Amino acid sequence: MLAILFLAIHLITHLTGQMGVQSKPNEATLMKHLFREYDRRARPKKDPLAPVNLAVRVIVNQILLVDEKKQIIETYVSYNMTWKDDFLTWSPANFSNLKRLVVPTNNLWVPKLIVINAGKDVSTNTNDDGFAAEVYSNGEVKLILATTAYTTCIFDLTLFPFDKQKCELKLGIFGHFCSEVNMSKYDNELKFLWYTPHTEWAVEGSSLKEMAYKDGEGSYCTLDGTIFIRRKSLYLVNNVLIPCVLISFISLASFGVPPESGEKISLSMTTLLSYSVFLLVLSEMLPRNSDTGPILTYYIISVMAITAISLLCSVLVVRLHYGTSKPPKWIRLLVLNYIAKLCCQTTKKVSPSAKVNESMGESGQFEETWLKIGRTLDRFFAIIFFMIIMIVSLTLLVVIPAMNST
Amino acid sequence: MLAILFLAIHLITHLTGQMGVQSKPNEATLMKHLFREYDRRARPKKDPLAPVNLAVRVIVNQILLVDEKKQIIETYVSYNMTWKDDFLTWSPANFSNLKRLVVPTNNLWVPKLIVINAGKDVSTNTNDDGFAAEVYSNGEVKLILATTAYTTCIFDLTLFPFDKQKCELKLGIFGHFCSEVNMSKYDNELKFLWYTPHTEWAVEGSSLKEMAYKDGEGSYCTLDGTIFIRRKSLYLVNNVLIPCVLISFISLASFGVPPESGEKISLSMTTLLSYSVFLLVLSEMLPRNSDTGPILTYYIISVMAITAISLLCSVLVVRLHYGTSKPPKWIRLLVLNYIAKLCCQTTKKVSPSAKVNESMGESGQFEETWLKIGRTLDRFFAIIFFMIIMIVSLTLLVVIPAMNST
Amino acid sequence: MLAILFLAIHLITHLTGQMGVQSKPNEATLMKHLFREYDRRARPKKDPLAPVNLAVRVIVNQILLVDEKKQIIETYVSYNMTWKDDFLTWSPANFSNLKRLVVPTNNLWVPKLIVINAGKDVSTNTNDDGFAAEVYSNGEVKLILATTAYTTCIFDLTLFPFDKQKCELKLGIFGHFCSEVNMSKYDNELKFLWYTPHTEWAVEGSSLKEMAYKDGEGSYCTLDGTIFIRRKSLYLVNNVLIPCVLISFISLASFGVPPESGEKISLSMTTLLSYSVFLLVLSEMLPRNSDTGPILTYYIISVMAITAISLLCSVLVVRLHYGTSKPPKWIRLLVLNYIAKLCCQTTKKVSPSAKVNESMGESGQFEETWLKIGRTLDRFFAIIFFMIIMIVSLTLLVVIPAMNST
Amino acid sequence: MLAILFLAIHLITHLTGQMGVQSKPNEATLMKHLFREYDRRARPKKDPLAPVNLAVRVIVNQILLVDEKKQIIETYVSYNMTWKDDFLTWSPANFSNLKRLVVPTNNLWVPKLIVINAGKDVSTNTNDDGFAAEVYSNGEVKLILATTAYTTCIFDLTLFPFDKQKCELKLGIFGHFCSEVNMSKYDNELKFLWYTPHTEWAVEGSSLKEMAYKDGEGSYCTLDGTIFIRRKSLYLVNNVLIPCVLISFISLASFGVPPESGEKISLSMTTLLSYSVFLLVLSEMLPRNSDTGPILTYYIISVMAITAISLLCSVLVVRLHYGTSKPPKWIRLLVLNYIAKLCCQTTKKVSPSAKVNESMGESGQFEETWLKIGRTLDRFFAIIFFMIIMIVSLTLLVVIPAMNST
Amino acid sequence: MLAILFLAIHLITHLTGQMGVQSKPNEATLMKHLFREYDRRARPKKDPLAPVNLAVRVIVNQILLVDEKKQIIETYVSYNMTWKDDFLTWSPANFSNLKRLVVPTNNLWVPKLIVINAGKDVSTNTNDDGFAAEVYSNGEVKLILATTAYTTCIFDLTLFPFDKQKCELKLGIFGHFCSEVNMSKYDNELKFLWYTPHTEWAVEGSSLKEMAYKDGEGSYCTLDGTIFIRRKSLYLVNNVLIPCVLISFISLASFGVPPESGEKISLSMTTLLSYSVFLLVLSEMLPRNSDTGPILTYYIISVMAITAISLLCSVLVVRLHYGTSKPPKWIRLLVLNYIAKLCCQTTKKVSPSAKVNESMGESGQFEETWLKIGRTLDRFFAIIFFMIIMIVSLTLLVVIPAMNST
């Protein structure tokens, strides 16, 4: 009889040691009730073949970094997830009318949402302890995760700095087939509630699609988000494009300086030097991407090349002052007849004075002809250069922005 | 009978194994007493429907980083939190007069304070073990957390470097409704006790407001802090503004150099080169923000443009020395009559000598007229340029700072 | 009798406390069944001398960083691993037809795959909790790990920017001999499914080999992956090579300017200044590697040296105008006879005028001879320089790329 | 009887399961003995109202970073702590003569030493597992922690680069009053045993004081360390100050070039350009601190300003060559009489030739007078400029270093 | 009787619950056998006063970073450790012939190896879970750790870029005396098996010594490794030294330009400008260390100073053209007699023409004398400058490398 008594005492102390002797059930009582038998590794379904239905809303809070070289876009994203946990249900009546609980995520089953096209860290919930899920008495669980997504994105920089890009954010569930965790979307697009705009990129739109990727016996569910962004070009137009166009028009000026003045070479050279200096600023701002060369780069190269040619041309003309040989006939023909006509130059038939010069001596005649050749070439280059610069500059500053804004 | 004895021994060893046989109660005894049945996941309320009243004081210790490009402000903030834990009460008389305990935060329930408008990490207590709460015998808990808050903030850089900004720090409690954890503020503003001033930004004031954000069945409590900061411009005025204004006045000088001297082009060109070099310094200091173009940028662009125009103008005048065509009448009229009058130039009616020149030959007359046109344009540009530079420079250095200091 | 009863009760409560009283077995039941006796530290083989057969597929997702200075390549790699766990088998029939489980990796034995030639972190699964393995009822385990591999790689930059490199990724199993964990490969190469191309490096191929490294009593299995990459040179050609070649051709121009014009020194000097500025851009783009000097560096040094020599040469010629001493006979002989012939210069025997000059006075004669020497040297240097620049530039821009593309 | 036997067996297996059946007590036996009842959360005092007496020695191993912009100093510091743990005592005789134990810090109570004026991380022992405490049989515990302290420090940069700073390191105990944990110091200063000197800052001394900060019912103990540092200026003198002074003396040279030579403007302009380039080097080296403008900055600004003025002055003089108006009387009076006298210029009364010039024509007279005005101004500016540069340069390079070295 | 039966059942279920009912012992059985009583906090010695004999091999895999400013060297190091664990022994015969086990390091006692002269993190095994030890049946334990060692190192940069440095890596055991953990070395040097060479530093040798550091009652064992490194100077010679020497020889050229030509000032100035630009490249490459000024810095300063002096000298000579005062006798004597002789100048006694000039007027005489003084000074400076540059350049490029390579 006593044995019974003592065993009973044993039993009671054993039970109270686990449950406590509280008067009115509170949150702690409920927690203990819910989690005593709970195994957070297992999918919370009483019928093990039924899927967990997971609804996900993706909210982009901020674009943190767009790296054209690494082809990476870093965003700060919130994920609102809702599902039903069969083992976290209770009758509020039995627990002082408690209808909801806030439970740290390291206590319950949580779908392992991953970023599939991540470039650094696949996981979205690296720090479990930092988050808490809201659990309702019918088993509904609401969880908001917020992490930095570091996703890869292929850039096309041809129209830089007026380019538009399209970047993806692919979400999946680690290990589970659709038949186990069935992921669906709330909205048809990424949400930008509380979005802090990026200073260099404007968001033009987004989409979100449910996809399934078949592999072996089952298929994996994914949510494919796409974000459309457009570069805000104000800073680059002000600090790169406008100075660039200014200097290119100045390099035109060197064609205007008469070769006799002795300043032509120096002006060309200083323009070229300015370009070199300017390349320093550019080299920090242009994305180092070797897949697509931006039109801007070709613009700068062509302006540098023409400036260099104009410099060589000036040197040629200056050298002619000291020349002693007669210009070959084909050059005279080519330059003075054909090119001159192209440049709409009225090659005045000043034949009488020409004769006078001829009588003065051969060398004077050479020089005169050489000078004419030089001037005609100058005018020819000036016209070509002006046209090239006008076309490219207009395209860069007017046509491309116009095309992109539509 | 013996069975009873042995069972009793069993029971005793079981109990002592958990409680120890100490003579006088000490902190360890109290800890064991308090935390044996404690569940740190549950809100510490005996009445589960009563809210935890949480009072928060927000102390800004330091502004660590202000990033105008990412629109982020990083601050080092302390949070003083006080609440009442119904399960951490004891009678000091029973525990050797112990009135308070210092408990590592990973042992007790702690409200999960989060930074809502964070750009990187929402959580404020990432490293639980590093902090300890002070617990008083009546259940009052005091906790000081200190973390780096990385909050988003929209910048308006129009008045750079004399701009003022307004940044928010929104605090919330993860998952809990106001009816569960009721957050209130101690003070009406952010506190700056022990504040180490930032070298680039001065704090001009702050505010702190209690807000509630309704969502579904309940509403979430938030504390909305705002910090008003003003850029300290000394470094930027010394190293950017003053050299910038100096060079712009020098570019005026090129209008003063007579076109005949052969140094006009070279001076303009070197000024432009200096600007290019200067842009290098600037490009490191100007925030790369494409939303708002600072007035300073437009100032630099306009100075560069006018320098370029003055260069082209000089080339024009130099070229006229070698010109052979007669200037069109409308140009003569426009420049020599109207513009000259605007420039307050006394266009001396030197008609007799003009006639003499005319008799000398047509080409001499052209040159004279062209030169006059050139000089008038020079003076015209000089006046316009001087006015623009004076106005913009005065605005930048005198008016805007004056307006902002009031 | 009662004692039996109560002991039975004791026994039952003990058992139910561990197993629960659920109607239909679900995932949690299975988990508990599988992991009750499981020891994740031990190799999962019933026969302890049998090896775990591990098959690995290596998928390169992205090249993150190629650091020529540190000789490091950082890649984001996925590892698909498959093995058989003797202790994780069950009969689906007993467990509601469950055929697979998704288990967080911190619950089961996982091979410690390491990167042997790592430069920072050897481990591939630093964050166990972030990943989950798929376990099938026959004991087959599938695990996908994704981590950043930071591997060392020796670079040969001689052909920069047209170089090709070969980098290794050596995988091993921490501590285990082949006779314990036998690692094999799925494929004969690294896989590039879902590869996001790097903007600076193109992947040209890869290989994967099974190796064994003998040490003491056993041998360690390794998988030696090799990745062949080629530098995409578009950005560097546009922003470094082309401007570089342009400036080098301009430095040729200084030989064309007649020494009398007074612009020769200034042109040479400004070219050299442009080079100095250009070195700034280069110094940021050239990899700071002292093992192999790229051909490009030697090209730049030689162009700088020749520009400097041409400057000194110009100074010499300008100085001769004010010279008063007679040029030594050996110089005249060397320069006017031998070098002149090399330059194909028709040294016109203008003896009569020479005589006239001679009669004019000695000093005039000196100057004339000195000038001739200067001009001949100019032409001589121009030809040599032009040849060097043509050869090096052609090699750099045409021959090396052509050789590498084959 | 049998029941007794079996219960006894039960009891024994239960006990041996916890204690083991070892022949001779070893470290593991002692560990188990000491830590079975140990609660590491509680202060280790048998009398709960007695304080733990904690002695701290602070050893600075290295200054890692001094950031004048963020006002942060980062040091690598070791803390030697000693206290007595009442519960970690044993009689060596009972434990095979073991007198000391090395115990990982996550097993015993450790005072939570914090850096109060930290700018990033308050905690000193973030990674508990990395450290181990030495425990002696009388309960004495010795612990050495080593962490990076990231402390705030207010900088005064007026004397840059010859400035001295004073930085604090305030230590406290998290949560505990002095009456609970009584912190005291070993030494009166910070120790620099094994100190690796910083390459930019020299340590000139230090102090360490015990303080108490009263708050509510109790007071918190702190140890206030102060470190006095002086900037080592060798690098900055060589690479910033000396080139800076060199260029400022060169800008003097432009006053020496005669205005007629046509090189005056060009020299001034190139000097200014050199300054712009030099500002690039400076902008990387000067701390970006807007609270105190270093004297060096004002020096550079004033030199730039005077160079700019000299340039404008040169333009003025060059322009006078082409002037046609008569200089106003007050200018002649001011410049030629008063300023000339100030410059100790012997304004030779060349009245006769003046008359001759006058007879030659009015314009010639103007020019002569204007030239004189220009030259006098030149000399006047040269003298003022030379004096300013001499004074500032001497102050910077001689007086301030001398004052600071005493 | 029944009680006995049931108790027996109880006992059996209790035991099987811990050991399982497996047919053949496997790794899991062995693990459970070994670790049931194991305490990983205690030194694994049955005789608690016997030391653990620890043998360490230090393998340097890579030099990651050499920071001359912070005086830090970062290496990636492997530590091979071997010791005997008295509690991890078994008889293979009883365990299916298992002779070795691979055990994760967080299960057994591991010596806490630390880097004593660390500048950031003392610990070598921060991530316990990432490593596994090999345990043999006789108790021998083999462990390979691999971590980044961040050690302090004092640099002497006098011979930069041809300097050699000596850096230490001091290893110790946290908390243990030699009498507890007796650390010894395998080899007499650091091993460089699998070493990936650094691109900037070559390893010239190494040593490893056993040391003991006495402190109070016991002494701490340390292993003092030393690594001897030499800077690979190819990159710095190509990109810093050679351009530097080139520009310094060009600054010589300005002495050759005749003062009358009007290009002397401009050449000097542009050289100085090139130096300023060049300082930009240098300032990024020179280590910012104020303890030892590299010879290279003094070389650059002296070249800059001499270039500046030559510029001032040129200005002086140009100014003399417009001079009107007679040169003082002592200057004429000093310059034309003494300095001219030093320069081996044959000061031709051109007395007749001198007289002619004298008759022409006083001012002409002045100028002639002044010009002679200028030219003599030019030649004097050219010779001194050439000698200084030759000596320093030869020393830098020939002597120091030669001395260092021996």
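Chains here go by letter, A, B, C, D and E, matching the order in which they are written, and residues are numbered from 1 within each.
Here is the rule we go by: a residue touches a chain if its C-beta (ideal position, glycine included) is under 8 Å from a C-beta of that chain, and two chains touch if they have at least 3 such contacts.
Source: prediction; values computed, not measured.
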Set of chains adjacent to subunit C and to subunit E: none
Minimal step count in the chain contact network, subunit A to subunit D: 2
Centroid distance [mean C-alpha coordinates] between subunit D and subunit C, Å: 37
Chain centre separation (subunit A, subunit C; CA means) in Å: 23
Of all residues in subunit A, the ones touching two or more other chains: 3, 7, 10, 262, 266, 270, 273, 277, 280
Chain contact topology (line, ring, star, complete or other): ring
Order of the ring members, counted from subunit D so that subunit E is second: D, E, C, A, B
Subunit D to subunit E touching residues, read off their complex: 2-3, 6-7, 9-10, 13, 20, 22, 24-28, 30-32, 61-62, 64-65, 76, 95-98, 102-104, 107, 127, 129-134, 146, 148, 194, 196-200, 232-236, 238-239, 242-243, 246-247, 249-250, 253, 256-258, 260-263, 266-267, 270-271, 273-274, 277-278, 280-281, 284-285
Parts of subunit C lying in touch with subunit E, wherever the complex brings them together: 1, 3-4, 7-8, 10-11, 14, 37-39, 41-43, 45-49, 68-71, 87, 112, 117-123, 126, 128, 152-155, 174-176, 180, 262, 265-266, 269-270, 272-273, 276-277, 279-280, 282-283, 286, 288-291, 293, 297-298, 301, 304-305, 308, 311-312, 315-316, 318-319, 321-322
